[in-house]
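When the chains are written out, they are named A, B, C and D in that same order, and each has its own residue count from 1.
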Amino acid sequence: MNFDALFDHIGQHTVDGLAKGAIYALVALGYTLVYGVLRLINFAHSEVFMVGTFAVMWTWIGIGAGNTPSIGIAILLLVLGGLVGAAASGGTAVLVELVAYRHLRRKNAPSLVFLITAIGVSLSLTEIFGIFTGNGERKIQGMPTILNQSIAIDFLGVEITNLQLIVLAAAFLMMIGLDQFINKTRYGRGVRAVAQNPDTAALMGVNKDRVIVLIFALGGLMAGVAAVLWNMRYGFTRFDIGFVIGLKAFTAAVLGGIGNLRGALVGGLLLGVIEVYFATLTASKWEDVFAFIVLVVVLMFRPTGLLGESLGRARA
Amino acid sequence: MTANENTVTKKKKRSFADRWNGLPGWSRFFWIMGGVIFLFYLPELGNIPGTNLEIPGLGFLRTDVGVGGSDWDSILFRCAVFVLIALGLNVVVGLAGLLDLGYVGFFAIGAYSVALFGSQQSPVVKLLRANFDLAPDWALAWSWCILLAIVLTMFSGVLLGWPTLRLRGDYLAIVTLGFGEIIRIIARNSTITGGPDGITAIPGPEGAPNAQNKYFSILDQKWWYWLALVAVLVVILAVRRLENSRVGRSWLAIREDEDAAAVMGVHGFKFKLWAFAIGAAIGGLSGLLFASQQAFIDPSQFNVNLSILFVAMVVVGGAGNMAGAALGAILLTYLPERLRSLGALEFLPERFQDPAEFRYLLFGLAMVVVMILRPQGLLPSKRRARELKDRAQEVPVNG
Amino acid sequence: MAERSVLLKVDNVTLKFGGVVALDSVSFDLYQGEILGLIGPNGAGKTTCFNAMTGVYRPTSGQVVFDGQTVSGKKPYEINHSGIARTFQNIRLFPEMTALENVLVGTDSRHKVSAPGALFGLPRRWGHEEDLPEVRAKGGPDRSWQEFKRSAAKFFGVSRHMQEERAAERKALELMHFCGIERAANEQARNLPYGSQRRLEIARALATEPKLLCLDEPAAGFNPAEKVELMDLIKKIRDTGVTVLLIEHDMRLVMGVTDRIVVLEFGRKIADGAPAEVRDNPKVIAAYLGVPDAA
Amino acid sequence: MSRKFARSLGGVIAAAALVLGAAACQKEGTGTNEAAKCEGKIAFMGALTGADAGAVLPSRDAAKLAFKKFAAANPNCKVELVEFDTQGDPAQATPVANKIAPDASFIGVIGGAFSGESKATMPIYEAAGLVMVSQSATNPDLTKTGNKSFHRVNGNDTTQGEAAVKYFKDTVKATKVFVIDDGSTYGKGISDVVKSGLGALKAGEDTVQKAQANFDATISKIKGVAGVDAIAFAGYTGEGAPLLKQIRAAGITVPFVGFDGVYDPAFASGAGTAAEGAIVTCPCIPAEKAGGTFAADFKAEYGKDPGAYTAEGWDAATVFLSGFKAGKVTRADMLAWVDAYNEQGLSKKIKFDATGEVDKANVVVWAYEIKGGVLTPKTEIKLG
């Protein structure tokens, strides 16, 4: 354990970890939204993110974006990417709901069946992208660098880059927007009503199916934004990227309290920081081990995650 | 006398399970014996043993027909090992209703226990020899490795279950998933497990792998399949006893309604732990067989996708039903292998001709379709009616 | 009234959920062998009181003493082992299991249940005719098969597990007969008609050999004829020596069957006494005013 | 009762009849007359589908090309290359090996492409007397087991690691090298050699994971070590390209050296402009330096440039093809032929020592530089 390496640069590691976790947090929102309303782990959400990264990449390459265009064009590309990513991911998420889950819900299938269906959808999407991209060789896909990384803030030796800043800001903005949407608008009220008691909500005139499509779309939208941020910051994608990110995001959602929007943010950021800390203490290869151990410890003391389940009601 | 006499509502359609349960005991017995004989005959599928004759059509089912296929006996062995896994996981997922996404961890522990303590090449064996003044060719005998694998996996099952089984189902899923990953990462990154290089020369029933071995040879896998088949049959008998006992009843009660079960006096935690430990032991046994047959393991063979595949086997086949879980395991192991040697599909455009390339896509789509059409799995679980028809009337009035 | 032994003592039990007080210092006693009715308007805290007694919730303060032992704070299964059984307001059977198996789960409460015992079938007992499986078939291969099984059991002995299993099965059938649902033994619980499900819940609870049986609105959804049958059943249960605590909305049923009534309102006890006194109690009348007494 | 009995009994009998009484028919004679004709099959075993296929397909293509050309030149030789997909997974490779081994029509095996599957299958091939010639399995331990079947035409990780150390010392003149590996057999093997070779020059290390996507922690670590002036990465493209891209994005501009695991066009395209100037060492000769028309032929056949281990794939195929030409059509003959083989191949002079390794002195290690997104030969690293 190399404590010197950690504590000498603890500020820097924290910032790096937060920026890493912000993307987890956005993807985690998708898990949390669906879980909060349907009590269902949407394992296909990882592929929703993956589809978003590809859509954004193709858009950028398609309109002939080069490396590090001028700042105006870069912003335009990011916004365009965000819109395309949100549309693609949201569309995929809704499609998954309509094609796979809706039938199962009608049949009142047990939750394991949803899980296996989700895995099937996930596998199919991964394979489709694996076979039809990169010449069938399943290689990683590079894309133009939209924004050059540079140091935006240098505070007491802690360097925060422009990309990290954008990722963090975007994650917080999306989070606040979503929170407001769920808590303040009429649609959000419908979501909360269904989350609390689907049957009563249906009696009160809430269209349950529409609400469910809405939450899948919202989760997909967040994943799409995460996708464009991912592409901007890391500049590559791959057919199987969803699995890695999805696993982390799901862990983050549980850590914060699945079903709880703020929990997803807290869990994501925390997971990012834990990973960077422990990778510094030992090696990157151990970061997952520590992430899971922290998860188990947290769950032992707080069985419903750090902030508890709260989109609807907390369960006993 | 009709079989349905004492039922309240009459079924219109008799399912396979109903028909099966309606058969008299002796007839079921002969069917089962016939089935077992057929299972032992499988390596010769399509041939009539001892003759040069073949049964037309059956040979087509083998995986070694066509170009690029795999050895039929090896695939049978793999099917048997995965059936064993599905049976073990079925105890956890199907009977007790606990979603375990890290089952591969137990599979790995079973495999590593025979590799680390049985192989001449293992760092653990070398360490033990050096520190305990053992013979230079010392290694734990295979038969002791079986015991060790079962003990170690049961212990790890309890170790994992103790803190986590108090969690609700969905949380359990992610924690077990993490457990599977942790086992793999440790196996890969520590030197005592042989690291990423893995362990070679893992012994079998006849000792270290050797071309001269009489039955469990490197080249002919038939005996390996028969060994795995025996293990499967033993496990089926054992799990059946549990399933039809009050232990199995307690598992089902927990699965159906944990709170109500607790109020009826079922000690939920204890039985969940038992389910975990028993499931883990079966997973460990299958890992041991897998490692012994392959004689080489490395950590990359135990990734999370395998765990998910295991759960898929159980659910696609029919959670809670041993026959279903076994069917799921066989289909999900056999089909990709059979598709591999299908040969080019020349009626399709060039891009789509190679079925091997598409087999996992087909596999994923099939999973979705099966689940949508048959959410209960291919062979849904159905509680067997007890043979009570006469006794119900013998009960004294006003007991 | 002669002095009767107190079976259960609810002593100043308070239960709070966050800021909401669901039970506010509720105290009452239950005497051995009586049928006590627990009534009150919707939301009065009747089911919460049940939950506090059976270990589903832990009281915030106060205690429940059963048969001389404090049971509040114990786990639900421990409380069941000490002799309290209950049914649920919204039926909670094990839907995929057969009716008989549902009852058998109850009988298991009185047995030592161990996985190794079930797996290896030890210890064994030889030479007891009543342990062996019956030969019922009149002839043909069925009979030979049954005879074969019988002689196999004779030869290998019968494990304690199997003996207990047979006894449990007999007892479960008796109980189902007692509750009038023996015909449904092999049906899946979820396929049973509503009334049978309610009765099955009672049979399952009785199978745990309780000293106290708590029934949570057992007559909900019943027609008058069924209610009369249920009243008879409850009395029959009491006659076997089981004390009964009954939550019920239907005043006629409550008045007809109970020995004593406790009335709750807004988590507080407002009356306690014989049915006739309670019926005339002005507080109770006020509480129920305008509230139709049918469920 | 009796009707039920008849039905039950009938079922049992019908089943038995189905198994035994089905119209049995005479099996076709499968006599194996092994005339000394120029005839036989070679198996190609490796990951042809799945995530790692990209590393194997180029050498498969090269071997196919060799067979095609041979068939054109020797119309009376009926040799065939049969492909077996293992997905690079040892568990999938063993059933394949067990299929190949008992099939007498197979005379040799090209592969395994990866070390793990080679390790798992070489006892099977040895037991069957089948000779293996691998084009790309680089783990040094493979030739240390005493296995008589395994040969390889490529250099192993030790050789390459030593060459890399030399490159760091002589060409880069690095003083503080940060070593990253991916924890795989391959990556760990090379990085161990590099780390011990560098000795005090090693400034820090990290091990990433397979399929890891974001390397913030690794970069955070590199930044934590003052004065790092070179980075070594032992792993594959999947992790290498994003790692390099993120390292450059983080403003770290020191030389980056990868090994043959990233000798792959996708490495340059995946990392984009970040890859510019990165060094990739490979114990594989530049195709255009290989002499002959191989590079041009390959491009003409497949419409793309040769990738990793294409020359080696060709060489492995050639070893067998020349054996066929010399009339070696039994397994024993072919094994003896390979053991005694001594010819100049495309990649190097191929002569196997007793362990199945090519002579270390003949292994040519080249440093390639990525220029304009293309791997261009920079310099040969001469091993002492």
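In this section, a contact is a pair of C-beta atoms (placed from the backbone, for glycine too) under 8 Å apart; a residue touches a chain by one contact, two chains touch by 3 or more.
None of the values given here were measured: they were computed from a predicted structure.
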(message) Closest chain to the protein's overall Cα mean, using per-chain Cα means, please.
(response) B
(request) Starting from the Cα centroid of chain C, hunt down the chain whose centroid lies farthest away. (result) D
(message) Taking the mean of the CA coordinates per chain, how far is chain A from chain B in Å?
(response) 34
(message) Based only on mean CA positions, could you tell me how far chain C sits from chain D in angstrom?
(response) 69
(message) Counting only Cα atoms for the centres, state how far chain A is from chain D in Å.
(response) 36
(request) Go ahead and note the Å separation of the Cα centroids belonging to chain B and chain C. (result) 39
(request) Could you check chain C for residues that touch two or more other chains and list them? (result) 141-142
(message) If a residue has to touch 2 or more other chains to count, which residues of chain A qualify?
(response) 136, 283, 285, 288
(message) If I count partner chains per residue in chain B, which residues reach a count of at least 2?
(response) 24, 26-27, 185, 188-189, 357
(message) Per the contact definition, I'd like the list of chain B residues that touch chain A in the complex.
(response) 93, 99, 163-164, 166-171, 173-175, 177-179, 181-182, 185-186, 188-189, 304, 308, 311-312, 315-316, 319, 357-358, 360-361, 363-368, 371-372, 375-376
(message) Give the list of chain D residues in touch with chain A in this complex.
(response) 50-51, 53-54, 57, 183, 205-209, 211-221, 223-224, 237-238, 241-242, 245-246, 249-251, 264, 266, 269-274
(message) Looking at the complex, which residues from chain D come into contact with chain B?
(response) 1, 4-5, 8-9, 11-12, 15-16, 19, 22-27, 48-49, 82-85, 89-92, 94-99, 101-102, 116, 119-120, 123-124, 126-128, 139, 141, 145, 183-185, 187-189, 207, 209-210
(message) Help me check something: in the complex, which residues belonging to chain A touch chain D?
(response) 5, 8-9, 12-13, 16-17, 19-20, 23, 67, 130, 134, 136-145, 148-151, 161, 163, 233-236, 238, 240-241, 243-245, 272, 275-276, 279-280, 283-285, 287-288
(request) Within their complex, state which residues of chain C touch chain B. (result) 54-56, 75-77, 80-81, 85-86, 88, 92-98, 100-101, 104-106, 108-109, 111, 113-115, 118-119, 121, 134, 136, 141-142, 144-146, 148-149, 161, 165, 168-170, 173-175, 177-178, 182-188, 191-193, 196, 204-205, 208
